[in-house]
């Protein structure tokens, strides 16, 4: 079979600088560079040579393959392609196998046959070849944007609903405690510590009692002000009492507590 | 590959509309059709109309609409809210500022934004109040009778429901603090006082 | 909003599939249906089958397929090549190095970078692995308990989805050494008729 491996290209090389080129490789220098650059590594190159020579992988003529391999390496170096270290390592492996093949194989009686020096290389070539083929098979699988195409349905009109985060009651309490701690620190720097709402309420109560009336203490609270309002009112009443501004009397007959302004004359 | 000449124009146009991620104009659609088959514009318009009608008749969950930049397929309006389930977004955790604002409103209601600012010592962002309003946890319950008549906020029954409380009394007590709730009043009252001072003669 | 109870299950499922740009599993689809209407799994499967059949019967330009991460709608195979022609720029090309690395991870997973390099006989795999990670086709699944604790890589459901596979079993089987393989290089369009011939040395 004399078919050129680069069948389809009828280009001839006309330079003399490629004497060392294998006789079957007629490619102009720039195309050659592309060609050499396509090898994925030394195993890939070796498989190419084996395939091209139609060699049985289980019985590789190591001397011949090494010679061809080295001529490619030389070419790559001549063309100053960046040569990965693996190529040189493989050259060393081939040289070693070649030399071992030259030694007479001594099989001592009772011992298992010495392993073929080529066995490990063959195993690696076979393994790599498997995945090279698998890569090709994957390349042929139908895939997105080549055989298969997604649909693009506009969804911009769909309202985006946000799910609000959950919180625990403890978090609210913690937040409140934080606020209060801050306030407390702040308070130490204040000149007056009197809660102003109590002061304010004290004024209000005094105004209500201004006419010199006695009032049921209940009337000093308003139903709508809630617990905290009641606490303020109570604190205001106690404060007024302590400051001797009002009197608190218990009317046992009526079962009520009366609050009245303290008279100056007393 | 199917021979394009066997594929009805309607199917062809549908495929183009399905496959592109933006609206296509009539001219763009015509440009996608093999040259020897490009129909009259009227045929194009009729076919697009047929597609539209077809989806409608089948009560398909998608519809063909014409927008400024051309024709596009979109989820039919009547399905929008159902499909929205797919686009639900979980928002981030609430900020410390939001929790504090909620706490102050819960424990000190009704309060104005000014009150909240006075207690927190930081200006309260309108966003936080809006978030709480959106969540139905707080509501406007009136106006404070000071200049500017600021809105008074209080918690809602939904707020109680969310935390499985029957009333505000069931809020955890603020124990372990020397500072009583009174202090909060102090701060807000101070604010209030300055507010009122301008009205008092 | 249409009352969901008036919308047929088939329309609802179609809408969900139309609205997402990723496959949806049966469980995800069921999770999107209002609680009081969630059908039996068999009903779900029947409905999905009805959708598939419906498109086929109508010779619609779309089809329902099942891939690793679930169900998805896509342009029907018979229209695929046409669409590909129109959107050629979308078609990605992958280097042999990338495909070989991907093949090794797919068939040998979990593997380390060292394993990949040993098989390919080339040491530069970092960039390719990074590209595959970026594409979400592979993921780190642990460490190999050897010195250096190298990362172990495996493929993802997204990898299977991209190639329209439902499981790794659907990958083409690994073949043995085959001399007749002619896909070596684009440059060498060499044809060998003697596939199994063993030349004696």
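All chains are identified by letter, namely A, B and C, in their written order; residue positions are counted from 1 within each chain.
FYI, a residue touches a chain if its C-beta (ideal position, glycine included) is under 8 Å from a C-beta of that chain, and two chains touch if they have at least 3 such contacts.
Small disclaimer: the values here were computed from a predicted structure and weren't measured.
Averaging Cα coordinates per chain and for the whole protein, the chain whose average falls nearest the overall one is A. With chains reduced to the mean position of their C-alpha atoms, the one farthest from chain C is B. Our note on geometry: chain B versus chain C, Cα centroid distance of 36 Å, whole angstroms. Centre-to-centre, using mean CA coordinates, chain A is 29 Å away from chain B.
Averaged Cα coordinates give chain A a centre that lies 22 Å from the centre of chain C. In chain A, the positions touching at least two other chains are 149, 151-153, 155, 158.
Multi-chain contact residues of chain C (touching two or more other chains) are listed as 18-19, 62, 75, 80-81, 83, 87.
On chain B, the positions that touch chain C within their shared complex are 1-2, 4, 7-8, 11-12, 14-16, 18-20, 32, 59-62, 75-76, 78-83, 85-87.
Within the complex, the chain A residues that touch chain C are 3, 5-8, 34-35, 38, 40-44, 47-48, 51-52, 54-61, 84-86, 90, 124-153, 155, 158. For chain C in complex with chain A, the residues that touch the partner chain are 18-19, 21, 62, 72-75, 77, 80-81, 83-84, 87, 90-92, 94, 96-97, 99-100, 102-104, 106-107, 119-124, 161-165, 171-172, 174-179, 181, 183-192, 194, 197-201. Against chain B, the residues of chain A that register as touching in their complex are 149, 151-165, 167, 169-184, 186-187, 194-200, 227-228, 231-232, 235.
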